[in-house]
Every structure is written in C-alpha cells, then in structure tokens.
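Following are the structures in question.
Heads up, the next two complexes both have chain A, just with different partners, chain B and then chain C.
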Partner chain A sequence: MSTFLVKLREQPWLWAFVGTIAMWLATSLVTGAQGSGQVLSAAFSFATFFVIVAIGQMFVITLGPGNVDLSIPACMTLAGTVAMKLMAGSDGMILVGLLAAIGCGFAVGIFNFALIRLLSIPPIIATLSASFLIQSSAIAYNRGLRVKPPAALAEFTTTRIGGIPVLAIAVMLLAIVMHIVLTRTVYGRSVLAIGQNSKAAFLAGIRVERIRFATYVLSAVFAATCGYFLAGFSGGAALNMGEEYLLASIAVVVIGGSSVAGGYSNVPGLWGAALFLFLMVTMLNTFGASAGLRLIMTGLIIIVVITLAGGRKR
Partner chain B sequence: MKTSILKMTLAGLALGVASSASVALADTADKKIALSNNYAGNSWRQAMLTSWDKVTGKAVSDGVVAAADAFTTAENQATEQAAQIQNMILQGYDAIVINAASPTALNGSVKEACDAGIVVVSFDGIVTEPCAWRIAVDFKQMGKDQLTYLAEKMPDGGNLLEIRGLAGVFVDDEISSGIHEGAKENAQFKIAGSVHGNWAQDVSQKAVAGILPSLPEIAAVVTQGGDGYGAAQAFKAAGRPTPLIIMGNRHDELTWWKEQKDANGYETMSVSIAPGVSTLAFWVAQMILDGKEVPHDLTVPFLRIDQDNLEANLETTQAGGVANVEYSQSDAAAVVAK
Partner chain C sequence: MVHSEIVNLNGVEKSFGAVQALGGVDLRILAGECVGLVGHNGAGKSTLMNILAGTLVHDTGSISIAGNLLPGRYSVPLAHQNGIRCVFQELSLCPNLSVAENARVLHASLRGFGWRKRAGALLTGMLEDIFPANGIVASDIVGDLDIGRRQMVEIARAFTVTDVPLHLVILDEPTSSLDNVAAQQLMSFVRRFTAKGGSCILISHLLNEILETSDRIVVMRDGRIVDTRDAGSFDHQSLVGSMGSVAVEADNDGAKFVSRRADGDKTISMGVEGADAIPFAAHRGEIVGLAGLAGHGQTDMLVSIFAARGISVEAAHVPQRVAFVAGDRQTDGVFPLWSIALNTTISSITSMVHRLLIDPQREKQLAETWREKIAVRTPDVDNSILSLSGGNQQKVLFARALGSNADAILMDDPMRGVDVGTKQDVYRMIRQEADAGRTFVWYTTEMDELRNCDHVYVFRDQEIVAELARADLTEERILQSSFDQKAQS
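Let's turn to the complex of A and B:
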C-alpha cells in the first residue's frame, strides 16, 4: 500500500487530478448533489475539445525547447469553416466534411514544417506567421458567415450516454491510444528522445527531422479535427472559435505535468488539466468572482504547478 | 432671390439638415479617405468591412471621393494601430476613419494626424482625443434597454443570468454597467449569475453550461450580442426550461428565435449595432471634408428587432451574418442633423 502511494505521488499528472477534485467539491457546496453531477457532465463535454488539441500540442512541446504550435486556433477555424461550408448542412456529406477538415490539418502541418525546415524559421515565429495566413484563408473562404452543421453531426456531438458525452468517450479512447503511441512505439520514443537530447537522438540513428515533420502534422490534424467537432457542437464555425485554444492548449499540457522543456510528457494529465481548467472557471463563476480574479488564479495555478512539478523531476 | 429665401428657411433648421440639401457636391472628388480598423476576426467585423467596401466603392466610382481604402491591423494591438495611423499620415490621406483598439492609447497618433490637417473620425471603438470626431454607441443604454424591456414583459421579475463579453474591454464594462443599473432600478430582477462569453457562441455555451447547475430558475438571460444562441443551446443541453434570452441580431440567433416563435410563441427582442455604422463614419468624414459643420460627438442609433418585425429582418439578414443597415449620404446627413 505505501509503495503504491509513493508511486502515485511520483506521477506528474497527480496534481491536475487533485486540483480537479478540489474544484469540483468546492463547486458542489453551492450546487448540491444533483447539480454537481451536471457540472461534471458539462466539464466532460467541454474538456473534450481541450484534450484533442492538447494531445497534438503535447507531442510538439515534447520535441524540446522552442517547439510549440501557435497555429492551432487558426487551423481549427480554417478546418471548421471549410468543413461546414462544404457540408452545407447536408447529413450525407458528414464524412466528406471530416475528410476535408483532416485535409486542412495535413496542409497546415506540412506548411508549418516547410517554414521551419526549408526556411529555417524558429517554430514559434513560423507557426505564428503561418496562423495569420491560415486565418486569412478562412476569412477569405467564407467571410465569417456561420454555416449550420448537418443535423446528424450536431446530434452526435451533443449525445450523452449516462451523462457522459459520446465525444468524450471517443476522446478518452483516443487519449489511451496516444498514450500507447507515446510510451510504446518507436515514433513516441523517438519524440521523447529528441526532446531529451536531439543530438544524442540523431547520433542514435533517429531521423530527427522526419519525426518533427510527423509531429507538426499530427498537431495540425488534431487541431483540425477539434475544429470540425467544435463547429458541429456549437452550431457552426466562427472566425474567433479557436481563440481561447492557443493559451489553453499550452496550459493544459503544462498543468497536466508535461515538462515545458520537452522530453518528459504524459497523456493522462491532459484530461486532468482540461477538466481542472473548466471546473476552475465554473467554480469562480459560481462564487461570483470577477474575470480579473479568474485570470489571476489561472496564472497563479500555472506557476504553482510548474514549481511543484519542477521541484521533483530529474 | 429664391435661393436666399431657401437659405433663410434652412438657417432656422439644424445645420445638418442644411447640409443634406446640398449633398453630393464634387468638392471632395480629389480627397482620399482611409479606414484604420483594429480587428477583423468575427462576423460583425467582416460585415462592417463588406459594407465599407460596398458603399465606398460606389462613392469612389461616382467620383464623390478619390479613394477609400480599408486597412486592418493583424494583432488587435493599440501600438500596431498607432503605427498604422502614422503611415496613413505619411501616405497623404485627407481623412482617417478609425475603429480603435483603445479609447486612449491612439490619442498621440490621432493628434499628430489632426496637426497634419487630417480629419479623424472614430466610430464604434472611439478615441477620446478632442480633435477627433466620435460616432459613439451608447453601450450603457443598450444594457439598460434590456432591463426596461424585461420590466414590461415580466412585471413580477425573476432571476437573471448575465452573459458578458470580453473581460477588460471598454464595451463589456459599459454594457454590463447599464445592465446592473437597470437591475437596480427594477428591483424585482436579481442577477443570479454572471459569466464571460467573449461575444462568441461556443464560449458562451461553455460558460453557461458550467454555471447553470448552481443557479435557481432563470427567468431571463441578458446578453451583449453573439452569445444568445450558445446560451439557448446550454439550457437545452441541461434539460432546463428555456428562459427569455435577449438576442444580438446574429442570423443564427434570429433563426432560433423564429423557430421558437413558430413552435410555441416565444417572445424576446434583439438589439445590437449595425455593422454598417462604418459607412456612416465614411459619410461623416466626407461631409467634414466638404466643409460642413458636424458636431464632434454623434451617437449611433441601435438596430433593434422586435416580435413583429422579426421576419422582415430575418429575410434581409445574410445567412450566417448579422442584421445590417448601410447608410447613404442623406441618411448620414439626417443622423448629423439630430
């Protein structure tokens, strides 16, 4: 038992879940037993979207210092916009729309990496400048008009089984798969190795640039998929739909216990952190706290988590 | 003789009306007007730019002005917009129309433009620099009007949920203070909860879904625009009765309202600013360049949609867009005259 506890304490994702439970209990004081179930159900609905983008962002950040994908919001917007316009509300086109969204993701990922690799632009600047181009393409494509999603897609994204959204279950399965990919496959191990020491990884025979390429494409494809489902969930794509996912995707990765410096990551923490972020806002709203306090709390919590996580590792 | 009598009559009227009598003078045919815009990333701003292009494009081809170019900054930063205005001064524009990122941070650049003899007209996001003209929106009144409407509709009052905009933005503070003032005057209403929806349907949906379980029964939702549909979705997902939700003129909000109205006689109202206010600002700048007297502080009328004119407005609103009104030169003259 005590060895189990010691082992548990070493898990980097622990704090995110501890925080989540604390926030949930605090909110329950106000909402009561029945309300707290509804809060949890809502938390799963919305955390799902954070988790999808955060998985991609986590793989990118794992690649090591300087690697980050800032084009996620623009990619979500473009994919959502293109897919919604293409489907034009027709149920028969749902699959075509999904493929189009994923196609947008591939294009964005390839473009990002081309800037990074061929033009030797640092990833922060490359993905940021790419995001202007991508966002502008989305604007030019449909001028910000909101096209309704097909009814069946809207239905699917909002369906719940026993209070848990179907989409959340799908993303939990996705998270398990990506956890295995990160820890058990050559690709995942290579990402970790590059993040720990890219020179050593190169000397060990890892094709560093290929892995980086795959990772940036992965991140963009996940962002695009998220844009597709989010547009389905919220009644259409909007130009500003991805805005809060820029900082949130990074915050979820960091609070989830992955190292900002790369090389050490974990998938379970993403779920903990995504639920935590939603529940924290919910708790502060429930207590009637102002937006200013909310932002201060978010900042403080990120500092505390990084300090706690950083104090232990290595 | 005839003209002098006409002049005498007109002198008795407000100055603006006098100017409307002599519209479309060619005095501004060689003048160049620029639009400095701080943000384009939502449907309202897109509609604003589209209206600008449509109306000014025609004005340019009719020879009313020589040019009317629109420029938007990428990052919604005051510093970036200040630099943009400085470029416009160097490029030799005769008038600059601004939707500003900040009411105060651009004042330095605006003053420089005024000193260079350039007419500066700010609208929606106004600047406080005295030399500039302001076409302001009475956002506070917009908040208060919602409570006035609710007080008529629900004399018994009830609990309200407030959806605010983007934290830290002037517009959000103004509308919210109007709502709170209105709630104070109509004590039968109590604001039971308040969340930030960032004027986006998905963010509002999320925020409302989070706070709903902790709230008592909600009689009405007071909003800022772009958040009504998301709120309706959140109530539906939580399985709670749909309250009266004030809408913000977006097409999806109006469509939802129409569906509810047809299904169960749902009643509400919708209020926002028409994105076409950019064209009002354009004509005001043109009138000033034309030598007309225009007061420095003007107010834009709201575009309000009620139960009886919902269908008519829904019909003229572009699918997925925002209900809009574009101003003609004489419309602008009428606003100035008020």
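Let's turn to the complex of A and C:
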C-alpha cells in the first residue's frame, strides 16, 4: 500500500485531480448535495470539449520548445461551419458531416506543417497566421450565418447516462487510447524523444520531420472533431465558437502536469485539468465573482502551476 | 633589447571531471618573442590558452604577469588590463554588428560623439596594416563577410590599441580560414609586432608556418609540455616526431592485416565532389577510421551518411539500417528525462512492436542484456539516465547502437570520458561485431584507436586527403596528411 502511495505521489497528473476535488467541494458548500451533482455533470459536458483539443495540443507541445498549435480555434470554427452547412440539418448527413470536419482538420494540419517546414516559419507564427486564413475561409464559406445542427446530432451530444454525457464517456475512451499511443507506440515514444532532444532523436534513427508532421495533423484533426461536436452541442457553428479554446487548450496541458518545455507529458492530467478549470469558473460564479476576476484567477493559476512545475525538475 | 617577462605559468593543472586536460604546465613568455605551440588534438593547447586568456580558471598552480604573482582569481578583464588578448579558433565577433561596432565591443574607451567613426578608423587602419588591400569597409556587417574576412577582422581587432598597452596576443589557428597570401601577410605582421617588443603565441597545424615564424617552439602532448627549444633546432621531421608518441610505432601488427576490400562487398559508399577528392567506401565487416584534426569534416561525413540511410544512387549507397553513436552525448545522445532502459532501447523500438504496441517484456530484456554485456554501473535500468556518470552514459549510447539491428554503425569520437578498461572491452566488442559482418565507421581523435581500424581516411578542410590501409598506417603518415596538404598545394 505504501509503495502505491509513493507511486501515486510521483504522478504528474495528481495535483490536477486534487485541485478538481477541492473546487468541487468548495462549490458544494454553496450549492448543496443536489446542486453539486448537477455541477459535476455540467463539468463533464464542458470538460469533454477541452480534453479533445488538449490531447492534440499536448502532443504538439511535447515536441519541444517552440512547438504549439495556435490555429485550434480557427480550425474548430472552419470544421464546425463546413460540417453544419453541408449537413444542413439533415440527420442522414451526420456521418458525411463528420468526415468533412475531419477532412478540414487534415487540410489545416497539412497547411500548418507546410508553413513550418517548407517556409521555415516558427510554429507559433505559422499557426497563428494560418488561423487568420482559416478563420477568413470559414467566414467566406458561410458569411457568418448560423446553421442548425441535425436534430440527431444535437441529441447525441447532450445525451447522458447516469448523469454522465455519452460524449464524455467516448472522450474518456479516446483519452485511454491516446494514453497508450503516447506511452506504448513507436509514434508516442518518438514524440517524447524529439521533445527532449531533437538532434539526439534524429541520430537515434527517428524520422523527426515525419513525426512532427503527423503531430500537427493530429492536433488539427482533434480540433476539427471538437468543432463538429461543439457545433452540435451548442446549436450550430458560430464564428467565435473556438475563442476560449486557445488559452484553455494550453492551460489544460500545463495544469495537467505536462512540461511546457516538451518531452514529458501525460493524458490523465488533461481530464483533471479540464474539470478543474470548469469547476473553478463555476465556483467563482457561485461566489458572485465578475468575469474579470475569473480571467485573473485563470491566469494566476497557470502562472503558479508553471512555476511549481519548473521548480520540480531542478 | 631587454627580454622582460610578460607572463609566467607555474605548475598549472586543469581537469574536466575525471579527465585531466593539463598536468602541471610551466610556461614563460618573454617580451618580443613569438612562441609556436604545437601538439595534436587533446594535447591541451586550447585549454592552456583559455587559461592564459582568463576564460578558464586553472585548478592548481600559479600565474604571474610582468613578474607579479596574481593574488586572486585570474579573469578575462584582468587579462585585458594586462594587455593579453586572444584570437580564438571559434570567432568571437558579433555577426549582427558592423566592423566598427565590433571594435567598440573590445574598446570601452571609444565613447562620446563620433565613436563609430573613430572605432572604424582604428580597425580599418589596423586591417590595412596587416592585410593590405583587403576590401573591408568599417560599415560592413560582420555576418555578411565571408569567413576569411571575418577572421581578418578578428585578428586585426586583437591588435588594436586604445588606452591599455598591448603585450601578448594569442593566435589560435589564425590561418585556418585564410588563404596563402593573407596567411603570409599575417606571419610577416607577427614578425614586425614582435620586433617592436610585442609577444605572440602562435598555434597552428601548418608546421611550416610555425617553423618559419616562431623564435621558440613548445610541443605539448597529453596535457604536458614535452619539448621546448629554439625554432632553429627543429626541422619538419623532428617536430612531427616530437608531437607523436614514437614508442607506439613499434606496434607492427598492421603487417599481419588482411584487407577486406578484396571481395568488393561494399556496404557504404559516398561520392565526393571535386576532381582530386577521394571517395569514401566502407565494406562489409570492416572498421573504417576517420582521422585528421578535429573539426575537419569527419562528423559532417558521419551525419551525411546517416541522413542518407536507405538511399542507393550512383553517388551514394547507404544501407537502410544504420545506427549512430554520439560522442557529444549531452547535445547529440542522451534523453535526459528518460530511464537507462528507455535510453537503451530507443533505436530498437520499431523491431519490438507486437500488435502495434512496443512489447515491454522485450524492451526490458534488451536493456538488461546490455546492462550486463557492457557493464553499465547501475542497480536498476529503470533509474534515470542522469544517475550515471558520463562514461556510463556513453556505454548506454554504445548499447543503443550495438543492441539495434543496424548493419552499419557510425561512431562520432565515442570514447570521450570512457575509462581505459571499458575502452578495451568496447574495442573487443566492436571487433567481434565486425567479424560477424557489421560495418563500423569510426571517427576518432585518438591515434591509438585508429590501430583498431582496417582502413583509415584522413580529413583536412572538409575533404578526404589520404586513405591508408591498416598495413600502411603509421602515426607519422596521418600527421603528415592532416597537417601538410594545404602547405604543399
């Protein structure tokens, strides 16, 4: 038992879950037992979307210093818009819409990597400037009109089993798969190696650029998938639907115990961090805090976590 | 002229971890003399010069300047105050600044209105003095100049004087990027400088330069000064003899060697551009050595072979499975966040995949096998790689390459920080693996290691300038080829 506890204490994702539980208990004090159940259920609904994009972002950040995908919000918007317009509210088109969204993800990922690799633009600038182009394409495609999602899709995204959204269960399974991908596959091992030392990774025989390419595509595909389901969940694709996911995707990765410097990350922490972020906002709301205070708290927590994480490795 | 003392080093020692770079060096430099400093790589020349310039702090021993023993720590500002400057092998100019601005970096007294103009005039005046008609303008951005001109600026800057008198200039390989004409100009300037009472320490691998320019020659080997005489009493042969370890020449098992080249089974071949360049080839089961002075293109060759794996065209043929043993383990080898086991297996994971996943059993097994085989000193392969000493980390890098299924293994001066006993074990392992059909390409700066090679290519200025079969391999021939190609041409 004691070795189990020692091992548990070493897990980088532990603190995200500790924080989550603390936030939930704090909220429960105000809302009572009945309300705290509802809060938790809502937390799972919203955290699901954070987790999807954060998985992709985590793989990108793991690639090492300078690697980050800032085109996630634009990619979500484009995929959501294209899919909603294509389906035009028809249930029969749900699968086609999903494939179209994923297709958008592939295109965005390939475009990002082409900027990074062929034009040698640093990833931060490449993905940021790409996001303007992508966002504009989404606007041009549908002129900002909101198209309602097919009824079956909207229903699927809000279905719950025992208070837990079906989508959340699916994303938990996805997280398990991606955890295995990170730790047990050649691809995951390669990403971790590149993030620690890309030159050593190259000399160890890893095809560094192929792995980076796959990772940027992966991130964009996950963002696109998230955009598709989020549009279904929130009654249609809006041009600003991805807005809060830029900072959130990075915050979730960092709070979840992954290293911002790359080469060290974990999937379970993403769930902990996503729930934590949502519950923190909820708690501040229930205590009547203003939007400004909420943003200040989010920023402070990220700073604290990065400082603590930085101290841990020294 | 009175030969007053500029600097005097007494019993200076310096170690980097377990490696002793300098083992008790006494060196006295007098005013008005040019001292030539020779010795092959790792002899301690650069370490000694770094101590003299103040960039490295010595462990034991004393330094006195102009007859006064220095009380506290010696440092770069102190060296400058006492008129000691150094032109390093790696250029130290700021590439984003102009020529004039770089002069200002060294001379803080160039201040007030019009400093840029005065700095420019100071430096271009000195440039004109050393290298007449060089075509460099004070407003040129250093990064835009070619390497030869950058070198000129660096040298000229070291000789400029503002408020502090200049006594000693250390020139570490100053002619390595200069053409013959500029090199001649520099050497005659050094003569003029010393005639006026200044002193120079000249490090060069072009022995003719040393013989012609110096008053006195100091020979270093293995961190010690082994010979110091007037330049007149040396000739080319005796200088080479003095640098090399002559005792080992008696080793003549090279005569028994049978070349594997007869069967013509080439594993690696790399064509080279240039009419008189020698192409590279490595045969099955062969240990090919890359020799020559450090930084003359051996590592670049290894990396380009590695990058070309799986390519088979007329100009280059490299097998699919190639492994690399890094010598600079910090930047090229170790994954610092991983365990010893993960560091060992990374080059083998693709062959350990079972149903899409890496098989942890086989991974563990590989790590354990090599821990025993190469004697990595650790109780548990799951410990962090950083828990190991440098030499043991290097063993892990060997295990990574030898444990993989590579047909060819490239080694980039891989024995740094490895103790003698382990070296012998690894040599034996390499020989066994070669006999079993693996090909090794081995860049080494240690002459003794070349004796393990079947065939040696000597590099100079990014090119292969000589190839020697094991039977013809002598230290003298390698030194001859690595030093003299440029002087003869």
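In this section, the second predicted complex is superposed on the first by the 313 of 314 C-alpha atoms of A that agree within 3 Å, B and C clash if a C-alpha of one lies under 4 Å from a C-alpha of the other, contacts with A are read in each partner's own complex, and residues count from 1 in each chain.
In the analysis below, a contact is a pair of C-beta atoms (placed from the backbone, for glycine too) under 8 Å apart; a residue touches a chain by one contact, two chains touch by 3 or more.
Remember, predicted model here, so these are calculated numbers, not experimental data.
Undergrad: Once both complexes are superposed via chain A, do chain B and chain C end up clashing or fitting?
TA: fit
Undergrad: Which holds for A:Leu239: it touches chain B only (first), chain C only (second), both, or neither?
TA: Touch status of A:Leu239: first partner only.
Undergrad: To the nearest 10 degrees, give me the chain B-chain A-chain C angle using C-alpha centres.
TA: 120
Undergrad: I'd like to know which partner A:Ala88 touches here: chain B for first, chain C for second, both or neither.
TA: neither
Undergrad: Quick check on the superposed model: minimum Cα to Cα separation from chain B to chain C, whole Å please.
TA: Result, nearest C-alpha distance in the overlay: 29 Å.
Undergrad: Quick one: in the complex, what on chain A touches chain C?
TA: Residues 180, 184-186, 189, 192-193, 196-197, 199-201, 203-206, 263-264.
Undergrad: Which of the residues in chain A end up touching chain B in this complex?
TA: Counting only chain A, the residues touching chain B are 27, 30-31, 34-39, 42-43, 45-46, 132, 135, 139, 142-148, 158, 230, 233-236, 238-241, 243-244, 278-279, 281-282, 285-286, 288, 290-292, 294-295.
Undergrad: Give every residue of chain C touching chain A within the complex, in rising order.
TA: Answer in residue numbers: 303, 306, 322-324, 326, 331-338, 342, 346-347, 349-350, 353, 356-358, 360, 400, 404.
Undergrad: Which of the residues in chain B come into contact with chain A in the complex?
TA: Contacts found on chain B: 40-43, 45-47, 50, 74, 164, 167-168, 193-196, 198-203, 205-207, 209-214, 229-230, 233, 237-238, 250-252, 318-321.
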